[in-house]
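There are two complexes below, and they share chain A, which is joined by chain B in the first and by chain C in the second.
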Partner chain A sequence: MQITVNGEANELNEAEINLAKLLDIRQVESPEMVAVQLNGEFVEMKNYTSTYLKTGDDVEFLYFMGGGSR
Partner chain B sequence: MTGFTTSAIHGVALKRDVHGSLRVPVYDTVAFEFDSAKDINQAFAGRKPAHTYSRITNPTVEDFEQRIRLVSGGATAIAVSSGMAAITNVILTLAGAGTNIVTSKHLFGNTLSLFEKTLKPWGLEIRYADMSDPATVSRAIDNNTRAVFLESITNPQLEVADFRALSAITQDHSVPLVVDNTVTTPYLFRTRDSGVNVEVLSSTKYITGGATSLGGVIIDNGNFDWRNSPRLKDWGIKMGPLAMLGALRREIYRNVGSCLAPHHAYLQSLGLETLSLRIDRSCGNTLALAEFLQQHDKVASVHYPGLPDSAYHTNAKEQFCGRYGGILTFDLNSKHECFKLMDSLKLVKRATNVNDNKTLILHPASTIFCEYPDGVLSEIGVRHTMIRLSVGIEDFEDLKNDLEGGLAIL
Partner chain C sequence: MLRIEQEVIDKIIEHGRTEAPLEACGYLAQKNGVVCRSITMKNIDASPVHYSMDPAEQFAAVRDCRAEGLSIRAVYHTHPETAAYPSAEDIKLAYDPAISYVIISLAKNNPSIHSFIIREEEVFPEQIEIIVGTADARCGQVSHR
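Entry: the complex of A and B
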């Protein structure tokens, strides 16, 4: 599966993968501070495991330094 | 969940200091270094958790922001250079030319001036309603209303609204309710629990402790769907509950440049740790002084929500954890008497600030409201016979003796 993560093309071996797993395998730094966008829209943390990716998806892991939390 | 004071002291565990320092140091630096061009690009894009420039974020300021977020129960917090900067940033974030905000005429003088004299000429309509009568607030709201703004205890009128009633109205209209919680702070008033959406604070006051530094805070309680805000709709889609934080950090707050100095953040984190102790003491002294002044034959009237005969006593008691703040006002028979009393005091300081450790006295009509003519003063409930007392944490008997001595010579 071909997706874009933080602006870079990524080839994933998994046939099926959700956002929670992607955060894990990408070893995202400080995951408790990251906000996830899928195709330009915010995804709530409670939906990470139920949100499955498909080819062509554009995922952004974004950080808000300072007084923010997910 | 830990208690208020435990959270204020321990904060949120960020990165461990390289030397194991128990207190986050003052990062008095403007910029932060990166190993590669790609790294700094990723940080600017928000794809890497790193500070870039202290006008946007700074580690010492971040520590303060996280502590405030924790004790307030809010979703996000941004520290700014003053309470006025907090209000300005919030209004710039929510409203604009051709829109309106609904507020009260009973506001801190500089806030009223910001709305009337600074923002109105840019095309923002300021609508006034009686916050003690939620029906008037409802009638003032229309499709162009971008916020309803009021103070937790108005300064210096010392009125207290029913915030649950107001939030029910603003929720119906999908308009955010913004409250200046400076004189009550999250310790006395957890605004989120009353349905308030955004809280602003002048951390210069109670929080800093001892009036060491200027500062302000914007707290988004995380209970407003920003996709319903015309100004923040796109941010709401992209950032969900982080929309307001995103719009501020990546646009308005960043561009305005009203950032909190790292040294001030350090002082205010230190102040926050003892906030609950100081407020308890200040509120106790204020109630005792209000009762003393109420019995004094030279005093025409005393205004304090802690007094059972105050029209705002019940609202304050129910919403502010049974305490009533550290400010009272009282009236003498003339402006001359007010000045005479003020000049006779030996311990209480003549100064324009509130919620310092020291007790401060002020004649509002001739100072923080001096830009307004008598007609306006009358409309906003600021009298020439009124004195404002911000009560500190000194020993009560010393404060009473100082005031008693001053009143005796009238």
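Entry: the complex of A and C
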């Protein structure tokens, strides 16, 4: 299966893969701290395991950014 | 080492002063190993002691950078009243292992800027090399942000 992840083409060996597994493969250690868009739409974390990818999908993920001076 | 154009440093200090007393935040994008673009982001906390970015704006910024052949090198934010060192909250929330964390202190008349690598809640100061030149020329295009 060929998908795009963060702008780069990726060939996946898995016949079936969901977003949770993809984040695991990409070694995202804190998946609760990333935001995910699939084909430009946000996917809630509770739906990662039920959201299966298909060829041609465009997945973007990034880390929430925050902090503070105290 | 973080290599960054002087012009970019000037812009993020200006951003911080504009937003003060609230914290300001943004991304730093690089091309050919030099940070040549600052991307102003909205602090959705609108707080003098906290900042959070809007994920939708983050995705847009990352896509815009990619379209221009840039990549995200670091995230920056200001400490309006405290030193340019990661707070406990900064350290706790530094989840992205692929970037540096730049902090600008506006506590004194002369702002100070420092870069850090934060991994698994450990803080490692990172040397900054300032490059004098024309940042937009290095990036290849004029920023639209």
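Here, the second predicted complex is superposed on the first by the 64 of 70 C-alpha atoms of A that agree within 3 Å, B and C clash if a C-alpha of one lies under 4 Å from a C-alpha of the other, contacts with A are read in each partner's own complex, and residues count from 1 in each chain.
Definition applied: a contact is a pair of C-beta atoms (placed from the backbone, for glycine too) under 8 Å apart; a residue touches a chain by one contact, two chains touch by 3 or more.
The structure displayed is predicted, hence computed values, not measured ones.
Trainee: Quick check for you: in the superposed arrangement, does A:62 touch first (chain B), second (chain C), both or neither?
Mentor: After superposition on chain A, A:62 lies in contact with both partners, chain B and chain C.
Trainee: After lining up the shared chain so the two structures overlap, which partner does A:41 touch, if you call chain B first and chain C second: first, second, both or neither?
Mentor: Only chain B; A:41 stays clear of chain C.
Trainee: Touch test for A:7: chain B only (first), chain C only (second), both, or neither?
Mentor: After superposing on A, A:7 lies in contact with both chain B and chain C.
Trainee: Does chain B (first) or chain C (second) touch A:33, or do both, or does neither?
Mentor: So A:33 meets both chain B and chain C here.
Trainee: Check whether chain B or chain C contacts more residues of chain A in the superposed model.
Mentor: Counting contacted residues of chain A, the larger count belongs to B.
Trainee: What part of chain A is shared between its chain B contacts and its chain C contacts?
Mentor: 6-7, 29-30, 33-35, 37, 42, 60, 62-70
Trainee: Quick check: in the complex, which residue numbers of chain B touch chain A?
Mentor: Going through chain B, the ones touching chain A are 42, 45-51, 56-57, 61-62, 65-66, 68-69, 75-79, 236-240, 242, 245-246, 249.
Trainee: Using the touch definition up top, name the residues of chain A that touch chain C in the complex.
Mentor: Touch residues, chain A against chain C: 6-7, 29-30, 33-35, 37, 42, 60, 62-70.
Trainee: For a test of understanding, state which residues of chain A touch chain B in their complex under the given definition.
Mentor: 6-7, 29-30, 33-35, 37, 40-44, 60-70
Trainee: Quick check on the complex: what are the chain C residues that touch chain A?
Mentor: 23, 25, 41, 45, 47-53, 55-56, 58-59, 62-63, 66, 75, 77, 79-82, 86-87, 89-90, 93-97, 101
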